[in-house]
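Look at the two complexes coming up: subunit A is in both, with subunit B in one and subunit C in the other.
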Partner chain A sequence: MHMRAYLLRKAVGMVVTVLLVSTISFVFLQVIPGDPAQVILGTEASPEALQDLRRQLGLDRPLGLRYWTWLRGLLRGDLGESLRYQRPVVELLWERLPVTLVLAAAAVTLALTVALPMALLAARHAGTPVDLLIVLASQLGLALPPFWIGLLLIILFSLQLRWLPPGGYVLPGGGNPLGYLVLPTVALSLPLGAHLIWLLRQSILEVIERDFIRTARAKGLPENLVYYRHALRNALIPAMTVLGIHMGALLGGSIIIEQIFSLPGLGRLVLFAVYNRDWPLLQGGVVFIATAVVLINFVTDLIYGSLDPRISVTDT
Partner chain B sequence: MRDRNYPLLIGGNIVLLITLGALFGGYLLSHHPAQGDLSARLEGPSPAHPLGTDHFGRDILSRTWQGSRIALSVAGGSVVLGLLGGLAVGSIAGLWKGWGGELLMRLMDALLAFPGILLAMALAAVLGPGQSTVILALGLGNIPIFARLARAAVLVVEKEQFVLAARVLGAGTLHIWWRHILPNGLPSLLAQASLSFATAIIVEAGLSFLGLGTQPPLASWGRMLSEARDYMGVSPWMALFPGLALAITVLGFNLLGEGIRRALNPRRR
Partner chain C sequence: MGRLVRVLIVSLAVALLLSGVGWGKGRLVVGVPADVDGLDPHRTVAAATFQVVCNIYDTLVEVTPDGRLVPGLAASWEISSDGLQYTFTLRPGIKVHTGRDLQAADVAGSFQRILNPDTNHPRAADYRVIDSIATPDVETVIFHLKEKTPAFLSNLAMGWAAVVPPEAVAQAKFRPIGTGPFTLADWVPDSHLVLRRFPDYFRPGEPLLDEVVFRVIPEPAVGIINLKTGAVDVLSWLAPQDVAGVKADPRLKVVESPMNGIYLLALNNARPPLDDRRVRQAINLAIDKGAIVDGVHWGQGQVIGSHMPPVSPFYADLTAMYPYDPDKARRLLAEAGYEQGLELTITLPQPYDFHIRNGEIIAQQLERVGIRVRLEVMEWGNWLDRVYFGRDYQAATIGHTGRLDPDPFLNRYASDSRENYMNYQNPEYDELVKLGASTLDMDERLRIYRRLQEMLAEDAVAVYLMSPHLAVGMQANVSGWQIYPIDILNLRRVCKEE
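Up next is the complex of A and B:
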C-alpha cells in the first residue's frame, strides 16, 4: 500500500515538474526576448521579413494562445519546425539522441568502473599514503575542466601518438565508432568519476563504523566479504542519488565535449541552434534535455526507493 | 590525536592567494593584457614574458591575470545571486506551510533540471553573450541549490526547543528567522557557496570556450583555451597556463567548501 501511494505521488510530482520545465522554457525563449523574430533576424531586418517570420512562428497571436499551442504540441510530441533544417525538430532530436546517449552511458560506465575499486581501496587503507594519493587524484579530477582534458587528450593521443582520431564519428554500419568514442568518454567521465570516488569513500567509511558491520566481523566474516557484501552495498545508495543529480551536468558537459570532438549529438545540435538563432530548434532542444533530466531523476528515485525500503515510508 | 582540517587550510590559502593576486597583481605586470606585439608572436616562456606570448604576441601572464579577475567576478556574482535568491525562496517555502510552499519547491526542481550551461546558452541567444548573461544564467541555476539548503534549515531549526520557546514568548516569524534560522542555516549555505564558486568558474570557462561567455578583447581562461586550440601543435603553453590557473583556482574553492563542511560536522571525514 505504501509503495503504491509512493509511486503515485512521485509520478504526479514528475508530471508537474515536466509541466513547469516546459513553462520555464517558454518564458525564457518566448516572453523574455519580447519579439523573438526581431532577435532572430537582427535590428536591420525589413518589416516585411519580420512580419513573415512572425506569421511562420505564430508570433502574431496572443501570448496565452501561443503558450497553449506550445503545451498541446508538446503533449503530441510536436516541437515545431527547424528554421535552418526545414524539418520537424523532434525528428532532428531523435536522430542525434543515440550519439549523446551512447556517450553518456559510456561515461557513466567508465566512471563507475574506476570509482568503485578506487573508493574501496582508499577506504580500506584510510589514512595511509594509498588513501591520500586516491583522494588527491579525485580532487584533481574535480578541478580539471573536461574540455581542457579533452584538448590535452587530443594533443597527446591524436596529434603526438596518432593512436586515436581527434574527432568525428561514424554512423552505424559505416565502420567502427568505438575509436571515436574513447577520448570523449574519458574526458566526460572525469568529473563524475572523481566525485564518485570522493563520495563512495566517505560513505564506506561511515557505514563501516555501524553496528551491523561489527556484528559481521564478530561472526568471523572475512574482511573482503565485510567490504564487498555489506559496506559497499550500503554505500551505493547515496552514490545513486549523486548519479541522478549528475545526469544534468553530464548532459550539459557533453555539449562542450561533442563540440570539441565534432560528435553529431544533441549538444552540438543545440549549440548549432544558438549560433544560428534557430528558435524552434533551440526551444525544442532545451525542453527535450531538461525533460530527460527529470525522467532520469524520476527513475533513479524509484531505484533508490527499491534499494532502501525505509525511504518509501519516511519520504516527506 | 588531533585531526587537522587540511582541506580548509590548503583551500583557504589558495583562495586567499588567488584573490589577492587578482586584486593587486596588476601592479606587478609590465604588459597590457590586450596589447599585442606582432614581432613577438607565439614565443615560449622568457624573462620578458614568463608564460610566453599568444598568436597576437600578447603576454600570456597578463592575460591569465585578467582571466582570474573575470573568473572571480563572474563566479562571485552568480554565487551572490544564487545565495540571496535561494535564501529568500527556500525560507519562504519552508515557512509557508500550504500549497504555495510546495509549488515553489516544485518550481525549483524544474529549474534544477536545466543544466547550467544549457540555461546560459539559451540566455546568450536571447540577451546576447557576455559576462552579465553568464552571471544571470549561473545565478538562476544556483537558486534551487541554495533554496533546498535554506528550506532544510528552516524545517530543522523551527522544531528546536529554543525556537518553540521563543514562539511561546511571542516572537514573530521574521524575528525567529533573523535570530535563529538564519544563523543556523548560514554555515551550510557558505560551504555550498564555495563549491558553487568552483562550478561557476568551470562553466564560465566552458561558455567562453564556446564563444558564448566573455567577449574579446577581454581575456577569460575559457577564451584563451579556445584560441590555443588552433596552435596546439606549435605552442602548447598557450593551452597549458590558462588551464593550470583554472584548475588551481577550482581546486582551492572545492577544498575550501569541503573544509567548511568538515569544520561544521567534525565526524565526517
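Up next is the complex of A and C:
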C-alpha cells in the first residue's frame, strides 16, 4: 500500500519535472536571439524566401499556440518534426540512441569493472605505496579533461600503433564494431572510473571503522568476507549517487567525445538543434534527456533501499 | 585445444575482413567536416550539401576548374542577339537514375519547381528573370527572359540550378533521383553517406570509381589522423596549419587552389564614427593584411583590396590603395576629430575560428593607432540575426563566397539591397551596378565592375582582408581531384590506383 502511494507520488513528480524542464527550454529558445529561417537560409536569403520559410516552418504562429500544439503532441508521444531535417523528431532521436546507449553502457561497465577492485585494493592497503599509486591515478583521471585524453588515445593507438580506427562509426562493408568503440569508451569512462575509485575508497575506509564491522570481525568472519559482504555493500550507497548522476549525463550524449570520435550520437544532435534553432528537435532532445535522468534517479532511489534496508521507500 | 585454435583463426579472419582489408576496388573514402542537410539542391544553402549533391544531379551548363562555362546536360546553346532568348539542346541519351530518358519537359519542370514559391528555393530570385519556358521538342528547352541578364548562363551552372526530375520531387530530401554519375546508396546522418556508380551515366567511361563514402569528421585534428592512417583517402578541407605537415608526408599529397571567396572586416557605414569615410580609411591603413594572412592562415591566402577574389576574371588589383601605414591612419583619425582615439566593437561569429582570430589580430593592430577595440564573440544564429539581418553592429568579421558572375556578388552594395548589411549608400554605385547587370558586352562589363570595385575601395566600405586558399589532402594514389570556382566536390574523374 505504502509502496503504491510512493510510486504514484514519484510518477507525478517525474512528469511535472519533465514538463517544467520542457517549458523552460522552450522559453529560453524563444528568448535567445536567432531565427531558424535565417540560419537555414544563411547570408543569401531574400526577404521573401525568409518569409515563406517562416510560414512553412510555422514560425509565424503565436508562441503560446506553438507550445500548446507541441504539448498536445507530446501527450500522444509525438514530438513533432525537426525544422532542419524535416523528419519526425522521435525518428531522429531513435536513430541516434543506439550509439549513445552502447557507449554509455560500455563506459559505465568499464568504469565499474576497474573502480571496484581498485578501490578495494587501495582501502585494504591504505597508507601503503599501492594505495598512494591508486589514489594518484584516480586524481589524475579526474583532473585530465576527457577531450584531451581522447585526442591522446587517438594519437597513440590510431596514429602511432595503428591498432584501432581513429573514431567514426561502423561503416557498411567495413569496420569491426568493437574496434570503433574502444577508444571513446576509455575516454568516456575515465572521469567516472576515477571519481568512483576515489569515492569508494573513502567510504570503505569510513565504513570499516564502524561497529558492525568490528562485530563481524569479532564473530571471526574472514577478512575477505568482511570487505566484500559488509564494507563494500555499505560503501556502495554514496557511489550509487555519483553513478546515477554520471549515467544521466552519459545518456544525454557526450558532445565533446562524440565530436572528437566522429560519432553520430544524441549529444551532437542536440548541439545541432541549438545551432540551428531547431526548437522541436531541441525540445525532443531535452524531454528525452530529462526523462532519462528522472528515471535513473528513481532507479537509484530503489537501489538505495535494497542496499540499505534502513533507507525505505516509505520513509520519504 | 585444436578446436579453440580453429575458432580463434576464423574469428581473426572475420575481424580482418570486417576491418576493411578487403574493401572493393574503386572505393574512395572522403572525410568532410560537415554533413549534408538533406539532398534536395533546390531547398538548401548549405555548402556541404552542394559538395555532395553535384555527383547525383546535373546542371544544363557546367563550370571548369579555370572558370569557363561548358556543356553539361545541354550539348549546346544559342543566345539571341537581344539577349532575351536562350535555346538549349539536350545531349541525346541522358538517362535518369530510374532508367528512362531525360526529356526537355523534365528540365522545364525543374525550373518551374525552382520558381514555385511553395518550393521555397532560397535563391529563386536569381531565376525570376525567366518569363517563360518552352519545349518545342523532347531535346530543346527555350528560356525567354524578361530582361537582358548576362549572369543568367552562369547562374545555370550553380548547384542550386540542378535539374531535378519529377519522380524525385516527392522525397527529394532523402531519396534523390537524378541523372548524375552516382546514385545514393546510404545516408546515416552525421556519420556517413555512400554513393554508388550509375552505370548508365551519359558520359561514357565515367565515373571511374565504383563507390564513394563521405565520412563526417567534425574535428580537424582527428581528420588529419584519419588521413595519415589511411582511414580516409581524401580530406576535403585541410586547416591552414596542417598543410605543411601533409605535404611533408611522402604517402600523402595536397591539391590546392585559390578560393572563389573573400574574408573581410565589415563596417557599418551608417553608424558613428564609421559614417565618416576618413575613419574607415584610417582603419584600412591601420590593418596589416599580410600579417593576418601569415598569422592566422599560415600564408594560405592572398591579400585583396576590394570585394572580389583574384580568381575572378573581373578582379581588379586595388591592394595598393591602403598600404599598412599606421602614421597616416593616426593623421586621418586626428583630422576626423579623434586625436584621443576612439572605441570600436567588433562582433565575431562563433564557431568560425578563423574569423574570430582575424578579429583578434585586427584588434591588436588597431590598438596601435589609438582605436580601443572590444571583441564580442557571438554564436552564428545570433550573429546572423543581429549583424546580418538586424544591421545592429559596428564592425564584424565574416566571409563571402564568390559567384561565377560579378553581379550577384556586387549587387549587395546597392542602397536598396536587403543584403546591404554594411549600409553603403551611393547613388552612383547603384546606377552602375544596375548597368553592369544588363550589359552584354564583355569589355564594357569588365570596365564597369572594375569601377565598382574602385568605388568600394575608395569609400573604404569595409576592410577587404584576403582571399583564402583551399587545400585538399589525399593519399598519393588518388588522382584526378580538381578544385572548382564553385563549392563542389566533383568526383566524376577521380580515381584511386590500388
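Quick notes on this structure:
Here, the second predicted complex is superposed on the first by the 267 of 316 C-alpha atoms of A that agree within 3 Å, B and C clash if a C-alpha of one lies under 4 Å from a C-alpha of the other, contacts with A are read in each partner's own complex, and residues count from 1 in each chain.
To be clear about the criterion, contacts are C-beta pairs under 8 Å (C-beta built on N, C-alpha and C of every residue); 3 or more make two chains touch, one makes a residue touch a chain.
Model, not experiment: these values are computed from the prediction.
Touch criterion met: A:V39 reaches subunit B and subunit C at once.
Within the superposed three-chain model, A:Q259 lies in touch with subunit B and with subunit C [touch as defined at top].
Contacts of A:P165 after superposition: subunit C is touched, whereas subunit B is not reached.
Applying the stated contact rule after C-alpha superposition, one finds that A:V286 touches subunit B and leaves subunit C untouched.
Touch criterion met: A:A49 reaches subunit C, while subunit B stays clear of it.
With both structures placed on the common chain, the touch criterion links A:A126 to subunit B but leaves subunit C unconnected.
In the superposition on chain A, A:R277 makes contact with both subunit B and subunit C. In the superposed pair of complexes, A:L29 makes contact with subunit B only, with no contact to subunit C. With both structures placed on the common chain, the touch criterion links A:I154 to subunit B and to subunit C. In the superposition on chain A, the residues of subunit A touched by subunit B in one structure and by subunit C in the other are 32-33, 39, 151, 154-155, 159, 259, 277.
Subunit A contributes residues 13, 16-18, 20-21, 23-25, 28-29, 32-33, 39, 126, 139-140, 142-145, 147-148, 151-152, 154-155, 159, 202, 205-206, 248-249, 251-253, 255-256, 259, 270-271, 273-274, 277, 282, 286, 289-291, 293-294, 297 to its touches with subunit B in the complex.
Contacts from subunit B toward subunit A in the complex involve residues 106-107, 109-119, 121-127, 198, 202-203, 205-206, 209-210, 212, 225, 228-229, 232-233, 236, 239, 243, 246-248, 250-251, 254-255, 268-269.
Listed in rising order, the residues of subunit A touching subunit C in the complex are 32-35, 38-49, 52-53, 56, 84-87, 92, 95-96, 151, 154-155, 158-159, 162, 165-169, 171-177, 179, 259-264, 268-269, 272, 275-277.
Listed in rising order, the residues of subunit C touching subunit A in the complex are 15, 18-20, 23-24, 27, 37-38, 44-46, 117, 120-125, 173-174, 186, 188-192, 194, 213, 215-219, 221-222, 225-226, 228-229, 231, 379-382, 384-386, 388-389, 398, 400, 418-419.
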